[in-house]
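Next, two complexes with chain A in common: one pairs it with chain B, the other with chain C.
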Partner chain A sequence: MTLAFAPTLVRRRTLARVGASLIGWAMTLPFVAGMVLFLVLPCIAVLGMAFTDWSLGAREFGFVGFQNFEVLFGDRTFRQSLGNTLIFAAIVTPVSVAIGLWLAVLVEASVRGRAFFRSALFLPVVSTTVAMAIVWEFLLHPTLGPVNTLFAALGLPRQGFLADADTVLVTLAMIGIWENAGYVMVLTLAGLKSIPSDLYDAGAIDGVDEGWSRFWAITFPMLGPTMVFVVIVSLLRSLRTFDTVAALTQGGPRGSSEVLLWTIYEEGFMFFRVGYAAALTVVFVVLLLVITFVKFRVLDRAVHYG
Partner chain B sequence: MTTLTLSAIEKSFGTRRVLNPVDLACADGEFLVIVGPSGCGKSTLLRIIAGLTQQDSGSVRIDGAPVDDLAPKERDIAMVFQSYALYPHMTVSQNLALPLVMRDLNWVERLPFAAKLSGRVRAKRRAALEVVRGAAETVALSEYLDAKPKELSGGQRQRVALARALVRRPRLFLLDEPLSNLDAALRSLTRTEIVDLQRRLGVTTVYVTHDQVEAMTMADRIAVMMDGDIVQLGTPRELHDEPADRRVARFIGTPAINLLPATLSTAGTVRIPGLAAPVAEVLPGTGETASERTVEVGVRAEHVRLADPATAGALRGKIRTVEYLGSDALIHLSVEHLGAAHAIVARVSADDLAHRAGDHVGFLAPERVHVFAADGRRLPVRPRPAHADPEPQAAAL
Partner chain C sequence: MMGHTVRLAVLAVFVALSLGPFIYMLAFSVKSASEIFSGSLGLLPQSTEGLLNYPRALAAEPLLRYLLNGAIVCAGILIFQLLFAIPCAYAVAKLRFAGRSVVFGLVLFGLLIPIQATALPIYLGLAGVGLLDTYTSLIVPFVASAFGVFLFRQFIKTIPDELLDSARLDGCNEFSVVLRVVAPLTLPTATAFGIFSVVSHWNDLFWPLIVLRSPELNTPPLGILAFRSAEAGDRYGELMAGTVIITAPLVVAFLVAQRRFVEGLSLGALKG
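Up next, the complex of A and B:
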């Protein structure tokens, strides 16, 4: 009896299980489909295009193997672009993180005006960069800009800022710092809030009670996980910088503010060399992946996670 | 030799008054427990002693010298927090060493490479490590010196917090509900451990808790705090036997003291309605006997005697539940003529437990009753005259 029943029973159970998992799939389908359609497929497409010589609008294209990459690494514009991007990130990330951290500690400690400072300093993050860019353009104008007027009043030499190949990258980095520091501050403020006040009380009794010793013994280590996150996000944001360049300098003067994303945009949408732009994109994504990998392997080990 | 004296400490947070003027003195080597319901201001008082919170007025003196203007670290005290407040990013050893390092090394000597450069710094670090090892041994944590707090159990963390408080040999030891995050078994074990440790070190200790059992079992003296006032200060025994008022009587002792409505005659006789014989005589001169008044009679569960329902002079009740506790049992009765809502609890030895829920019994409170005036004050009662005692009942169980 039991034996005779067993197979149908098993089959019925299997069917039930399959049914359940079908329902599961059906319910996640819209999301999975969206992901495949808008994320996975484009990625594969980009990877594929990187090995072609397709130009936008062209009827046909051929596979060219690694030729795009060979051209790329030999290209002066690309090397300048990569260099500029790295320099930009190397300035913006540490400086904006340091300033944002400092602002956060300051704002947290201030008794009055906390809400005001928080919103004022977060402004760059929520405001439209392109709109702000117009303000920057005016402020930093070589002849009419108030900053140069101020410089002149102080007896300092006038600066070309965005118009000068020597200063354009540093000027953009300053704007990048201004944009990112508020973001860092807000993230850090959240991290500061989560440090139990008991620790500071225990510290006060143990003798860790003023500024620096308190910061190094308690605040900074307790902010560890927040700082890792903040550094990585800042790094990725600064490597991805595009809109200030597009709005203010368009890579100029003479390619001295060329950054990777701008170069990709130029190649793909102004010169229509889609295959080449795809190859650039692949290099860019690999760079981001390396950074993420470093985060997981190196930084996460050095940090205390409560 | 360390004494602690608080005089007229007041504190408000905004418009909310948390401490009415509080006066308190703690003798050298004493284990003083401040106990009171949640929110009565115990932690605030302790933080004022530590210097973590500034009082609005009044003075804290340690060994007779005011410390009001001293920072917490200069008061030479140690504190154990309810959350333990261990530094999560430091090992046990680093946690314990921090107070020593901060006290004995200046900021140059604390730099990470200073120990490599200077023999003096090395010697200081080594001395600190010796003390740390000693403290870890005292609390049986020697094997865990290199562990981070999150790798330890609750009880172990609690001992690290204790050890961190010990390393500096402070004049004063402050503990704020250090046991409330432990489970029941560990709590009673740690209770005795802390008392042992305190006795051994002889360090003056102020211990804050909302658990009256902790207070009763650990304290030399207990300060009962309610709504920002210290309502009574005394030994556990005094608090139990001579509570200052109804609130203290209700708060101290498990189960809570039974309260029965009663009347106080102009002659000072206290009667429970429905009971012919008076239950107590209030001493004259308390100002409460000028006219007939309602009062409350308090009887502790262990003083309630169960008897046959027919016993003369006994109140009658119906047993609701019997709570068996092993060596004894708690019997919850509803008092018949006071309405079912009025319950009292009797503690009987488990040996002569012959009752079940639903039984009707009589009960007596022949001795040791407290009388509380309408405002809650305890009125002193005369020892009961012998002739008024009901006959010892053969039927009493």
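Up next, the complex of A and C:
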């Protein structure tokens, strides 16, 4: 190769690189534009708004520093909302994970009807939450509801369920468990499939070949990473609960079913206290992000170990 | 053998609990008002009068219109998501270009942030350009799906480069490589992602509740809420008929393609 060729070669290469970049940019542009418009800018905006006293319809607004956050943590509604959300998650997550795990093991072990069981138990996950919430509302109706009719027939006291401040949160949690258990089951079934069957054969030689002993000796430890993942996914889902509250109780009676997303919705989109709602949003998202980071670390490790 | 029977019994109890609300919804959707008020627990209706609940529900509220709205919104969202995500995922997976890692960083960031975080500014922005209360406002915040790019990238990375090179030798440019070679291969991923996307947006209440005011644009969840408040409490048979109509499309689709639904919705767990 003579020296005379070198510049053209270099130029051709740069051209090729620019060309490749142009194609890359053209292909990613619509997505990137969408992300900037609907993710990056709104995230910056929400962070900014959290430090203002902006209220929709107000003529002017100013920066107020951390005032929104100070008000927030002193606010009774917020504290009740945070407390209710945590209680709700603390009921739904462990109970639905335990039931879902149990169901997965039972379904996996059954010889026939596996597809039927799986689908029947998964149906609540697919169906429209709001519509099913209305069905639950009817089923749990204080006077007309079949559940109370059954309670009366059995000689048990009638329950107010959603209408009663003492039982509303637990009732919503029951509906949450009903929705989430099938989801946990399906995710766990995938984890069960990945346990090598030689482990069970080896266990049989060592005398663990039946029911619970086999479950605790082999299945449960091998499911470890799956279970952590499932717990976190369930936790995130239950912290984001909104549909049943919006459809059935709107936070009531007397704030006893107020949850974080509903409070954000009320402050932001009913009262239009933009600055305050933005501060609420920041707190809520930080809570979710902490949990999501844990999830990604677990996923990472599960991938390395697997 | 004993263990087998116990297992079946436990499963049967849980299946009954899981399907119970669906069975009662169906049963009460064909019961007359007087029978419901009599407080009977039986599943079969005592007269055929209750069958009128369906035509009455359809006459009381434009439920079919709500289903159509749901279909329009879900289709709109999914088409743009695929259109934006597949080329982007291909570029990130197979092309070298300046800024590629920035794009992938955006994808990971997008996976972390839920719609509830950005709802307030997006709402204000849409209000600013006068787009609130339109189909556009229901569709446009979701067209760039980070989760979609993430899934498609994972898959496209497994396509051998030789296959792409041979297409290029046949005279394909990068765009026709995506269109002719990559897009058809992504079909299984696209199906799983499509099911996840449609189910989430069909069922979503949060965003439509925020941007919609006009009843005629109601999506299925808003529609069933509107129906309930219009019924003002005591016509439970019709209300149950309404919920049957609203839940039927997804439930039927699920029964037709159970395995695909389970696959698609389990993938969704990656997103949270």
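One rule holds for everything that comes next: the second predicted complex is superposed on the first by the 261 of 306 C-alpha atoms of A that agree within 3 Å, B and C clash if a C-alpha of one lies under 4 Å from a C-alpha of the other, contacts with A are read in each partner's own complex, and residues count from 1 in each chain.
Criterion: a residue touches a chain if its C-beta (ideal position, glycine included) is under 8 Å from a C-beta of that chain, and two chains touch if they have at least 3 such contacts.
On a predicted model such as this, the values are computed, not experimentally measured, just so you know.
In this overlay on chain A, chain B fits alongside chain C without clashing.
By the document's definition of touching, of the two partners only chain C reaches A:132; chain B does not.
In the superposition on chain A, A:63 makes contact with neither chain B nor chain C. Once the two complexes are overlaid on the shared chain, A:182 sits against chain C while remaining clear of chain B. In the superposition on chain A, contact of A:73 is made with neither chain B nor chain C. More residues of chain A lie in touch with C than with the remaining chain of the pair chain B and chain C.
Judged by the touch definition given at the top, the superposed model places A:222 against chain B, while chain C stays out of reach.
In the overlay built on the shared chain, the residue A:271 is in contact with neither chain B nor chain C.
Contact with chain B, but none with chain C, is seen for A:199 once the two complexes are overlaid on the shared chain.
By the touch criterion stated above, A:43 is placed in contact with chain C alone, chain B being left untouched. With chain A used as the common frame, chain B approaches chain C to a shortest CA-CA distance of 14 Å. On chain A, the surface touched by chain B in one complex and the surface touched by chain C in the other have no residue in common.
Within the complex formed with chain B, the residues of chain A that make contact are 196, 198-199, 201-202, 204-209, 212-213, 217-218, 221-222, 224, 304, 306.
Contacts from chain C toward chain A in the complex involve residues 3-4, 7-8, 10-11, 14-15, 17-22, 24-25, 28, 36-37, 39-41, 83-85, 87-88, 90-92, 95-100, 103, 106, 109-110, 112-114, 116-125, 140-144, 146, 149, 174-175, 178, 199, 202-203, 205-206, 209-210, 220-221, 224-225, 228, 236, 239-240, 243, 246-247, 250-251, 254-255, 258, 261-262, 265-266, 269-270, 272.
Listing the residues of chain B that touch chain A in their complex gives 47, 50-52, 71-73, 77-79, 81, 83, 85-90, 98-99, 102-103, 107, 110, 148, 150, 164.
On the chain A side of its complex with chain C, the touching residues are 20-25, 27-28, 30-35, 37-43, 45-46, 49, 56, 99, 102-103, 106-107, 109-111, 115, 117-132, 134-136, 138-139, 144, 146, 149-150, 153, 178, 181-183, 186-187, 190, 210-211, 229-230, 233, 236-237, 240, 242-243, 246-247, 261, 264-265, 268-269, 274, 277-278, 281, 284-285, 288-289, 292, 295, 299.
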